[in-house]
Amino acid sequence: MTLPNGFEIVVGLEVHTELRTASKMFCGCANAFGAEPNTNICPVCLGLPGSLPVLNERAVDLAMAIGIALHSTIAPSTFHRKNYFYPDMPKDFQISQYDLPINVGGYLDLPDGSRVSIERAHLEEDTGKSTHLGGTGRLQGADRSLVDYNRSGVPLVEIVSGPDIRSSAQARVYAQELRGILIATGASDGRMEEGSMRIDANVSVRQAAATFGTRCEIKNLNSLRSLQRAIDYEALRQVELIESGGTVRQETRHWDEILGETSTMRVKEDADDYRYFREPDLVDLAPDQSWQDHVRAALPPMPAERRQKLAARLTDPTKAQLDAVEVVIDLGLEPLVNAAVDAGADITLAISRAANELAAGIAAIGNLSAEAFTETVLMEQRGELSATQAKTVLGELLTGGGSPRGIAGALGFEQLSSSSLGETVETLIAQFPDEWSRYRDGDEKLAQFFIGQVMKATKGQANGKSVVDELRARR
Amino acid sequence: MKTAVQIASDVRSGASSATEELRTSLEAIRARNEELHVFLYVDEEGAEAAATRVDALVAKGDDPGALAGVPLAVKDNMCQRGIPTTCASKILEGWRPPYSATVVDRLVAAGALLVGKTNLDEFAMGSSTENSAFGPTRNPLDPSRVPGGSSGGSAAAVAADMTPLAIGSDTGGSIRQPAALCGLVGVKPTYGLVSRYGLIAFASSLDQIGPFAKTVTDAATLLEVIAGHDPMDSTSLPEPSPSLVAHVNDGVAGKRVGLVRELIDGADQEVIDAVGRALEALRDAGAVTTELSIPELRLGLSAYYLIAPAEASSNLARYDGVRYGLRVDAEDVTAMNEATRTAGFGAEVKRRIMLGTYALSAGYYDAYYGQALKVRTQMIDAFARAYGQVDLLLGATTPSVAFAFGAKTSNPLSMYLSDVFTIPTNLAGEAAISVPFGTGEAGLPIGVQLLGPGRSEAQLFSAARVLERADGRP
Amino acid sequence: MSSPLRREEVAYVAKLARLSLSEDELDLFTEQLGQVLEHASDMKSLDLDNVVATAHPFGLVNVVREDEVRPSLDRDEVLAMAPDARDGRFAVPRIMGEAP
């Protein structure tokens, strides 16, 4: 979306991710989604009088892994208290990092070649969750609120980008790429819908490049689609406000997915006076070189590197192929593709089946073995299965497992024998003499016509390549 | 009354039983608790069960622990599972924690009989126990006077012979000052020596749990039991409990002791004289004595009265009526928070929360809290320089003997000034012991204070023992 | 009486700390807190630009625990001490406004 009158969007994103640790940030309670309310709590994460925090080593490992993946500097850091009252905060302060975060600086390169700077990525603890009784179930109009502290104390890393993003589409790509990195490091499962990854967008607009307009923070973005829509809406709102003579007020706004608009959240009088001071119950964090090296060595390849490696197996890849490669990496399917290619499968075919058919059934990808995928692709390649049949087989493998040959047999995907195919071709030649003479005279395009007709006649059971062989043999 | 060491020895040998020792203690409590208001809660049932356990272990020939059968009082700002823990505040009235402090667990494992929870200034904020929401504690030596604070109840329990041992907490002097006013040995250990897990926080970077006892050896015995690394406390020193009892009688021959001018300036003359005599006693025992000045100590009061309230304002935010304790209901949760905290906190607590919140608030952090943290560094450096010249420092514990009720309550600042000699040690995170030495006005006890660098408890105990002997308590 | 604190500041701080003070208390606290801050002014004027605040007195660093699950508290025991609990959750009067 382009803004009118030379206005430009400026966006910075703050992404919070829950870390995939077994236990919470400062205590041994289980870090698990979906448990019965208030069953994973203890004196520490409930903030009972007398309790004290002790830092989870794995949370530090994962925070460092994120920093390394984002090319940050891992710095000596401290923890600070962010003081404010809210019922989902058991201590009425949050242990976070303030002016000395563990990861400083860094950048994220997007697939289109643009680079977004990272200001910092730091550790903090999550809050509990409140639900609201009465009224609409949303905050306004609720009689009583109920609080569940299972999530309180879950480790978080907050990643703050620089204000480098210039469109909602770029924001979406940034979020996607970051999500891929967080999953690849093992730090996160990236499930926005479950709240394990949350995004807030800081949006402002400007006309002159050297300045920055007043920004608004947009919260409640529950999907990448919301992220994109909300940024576009907010940018336009600000432009219209400015053009009509108003000024943008610095505030936090709530995105309403149903109404498709942002609105002011209730402004609190004592907002932002968090009285940060160093957390006296924790000591400083200064991971030494050997700890950092250990984390670095254990880091698997990031999505960008994996994309490069897979793309390098293609000769002169088209944009469509590179897009397919992106999908394959994004969904973690390249081990399957590489296995098939290593066994002799055609890479374009393997990538295509993965990016399309496997992507469609990605929820059940655990049912599909590398061997089964490889075999299916090879069968199609050899002409033992038509494209349609191969897609069906993959679908079946995803839903119920089994073997490609077994499924093909059960579904009656018999290999059309050379003779029956030949008969079919000859019947069609007789049926379409004009098309046949044009083909014989060299019009290759008509091969497609005959393939189509053969498919119709055989209900999709023929293999395109075999049809072409039969046509050529009779030319 | 028997010393704790004697009781444990008797119980272990069979000369006495835990049950008998408990009976003696409970009788003493019954005799004077109403008059003195020492205990907020007496746990007869729990203590009896503990005594039965100890006696059974002895009968079987198993080790019942270093404090077997010793009755012990716990300041009511430490969690003991299932027992009311109030911090002497209405906001926690009736609250029973679902867990115990590490020190409580260690005491129980050592065979101690935890007889009850003692009175304190609300949330440990005060120097006289007059700030308790449930009424003050009286000094057993003169009930018209205060026992000191904030651990007034724990001091009174031992001074009144209700228990030979008690534990308290010391943030700016809250063990040492009541120890001095009640004629007891009181120790503020090195920061991190004793676990704070389960100690309800006042000022996290200053709080430490420590012992009250009538004798130096008893205090050392108790400290050995509770000290040592705790994985539940990130600020806990890494090493295990040090050997202290074995060094109590090491003496001070060749030790360099410095009397610090700033640790007697402003004290009553009788207190200054007592400190002078203590210095002589140490010299007579072979110490090399000197006098020195550490001007940086003068800033301690100001730094403390910004750092401690700042941390406290944050530590006490959790008392919001949501999860436990008092709730005063209201239309919305913010109003509920306010109504609850306004009704639940006493004036001194509110004062310190306000002071601390102000010192941390936007625009004032650098001038107040931030500056105080730097003063703290200066104090640590100053102590380090002093310990380059001497091994131990000597001074008064408090400016005067026990004062009358109401003497300092009209002006909070005057109460704060009584902490001037004890505060520097907390700011530096180092160790100090108050030991009775002589008497003053109306025969009331005077306490003198020995200070040492971090981890110097063994030295402090041996020097304190010398003074104990010199004061006529062999 | 000239306090380094203004009455409105004290009122603001009280709100931050979720305390409601009466008019008299507001006056009293303004005076008393003012006195403490006056007393602390001996610190304010010091030039401590080159002094570093102390973190932990004995330089402890990197204290961590292994990522192991330990038993949690029994929910009933915890909710039994709550002023108001429903459906396994802590109940509070309505929350006005979203979390910061």
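So that you can tell them apart, the chains are marked A, B and C in the order they are listed, and the count of residues begins at 1 in each.
By definition in this document, contacts are C-beta pairs under 8 Å (C-beta built on N, C-alpha and C of every residue); 3 or more make two chains touch, one makes a residue touch a chain.
Here the structure is a predicted model, which is why all the values come from computation and not from measurement.
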Maximum distance between Cα centroids and chain A occurs for chain B
When B-C and A-B are ranked by contacting C-beta pairs, first comes B-C
Taking each chain's centre as the mean of its CA atoms, chain A sits from chain C at a distance in Å of 39
Rounded to the nearest Å, the gap between Cα centres of chain B and chain C is 23
Cα centroid separation, chain A vs chain B, in Å, comes to 55
Note: chain A residues in touch with at least two other chains are 43, 46, 54-55, 85, 87, 145, 147, 272-273, 275, 282-283
Going by residue number, chain B touches two or more other chains at 95, 98-99, 205, 231, 234-235, 313, 317, 320, 322-324, 333-334, 337, 357, 361
Two or more other chains are touched by the chain C residues 16, 18, 53, 56, 60, 63, 65, 73, 78, 90, 92-96
Chain C residues touching chain B in their complex are 5, 9-10, 13-14, 16-21, 25, 29, 32-33, 35-37, 39-40, 42-44, 46, 48, 51-54, 56-58, 60, 63, 65, 73-74, 77-78, 81-84, 90, 92-96
Within the complex, chain A is touched by chain B residues 78-79, 85, 87, 92, 95, 97-99, 101, 196-201, 203-205, 231-235, 310-311, 313-314, 317-318, 320, 322-324, 333-334, 337, 357, 360-362, 365, 369
Note: in the complex, chain B contacts chain C through residues 95-96, 98-99, 191-192, 205, 231, 234-235, 237-238, 298-299, 301-303, 305-306, 313, 317, 320-327, 329-339, 341-342, 345, 350-351, 353-355, 357-358, 361, 367-368, 370-378, 380, 412-413, 416, 428-430, 454
Note: in the complex, chain C contacts chain A through residues 12, 15-16, 18, 53, 55-56, 60-73, 75, 78-79, 86-100
Touching chain B in the complex, chain A uses residues 43, 46-55, 81, 83, 85, 87, 90-93, 145, 147, 272-273, 275-277, 280-283
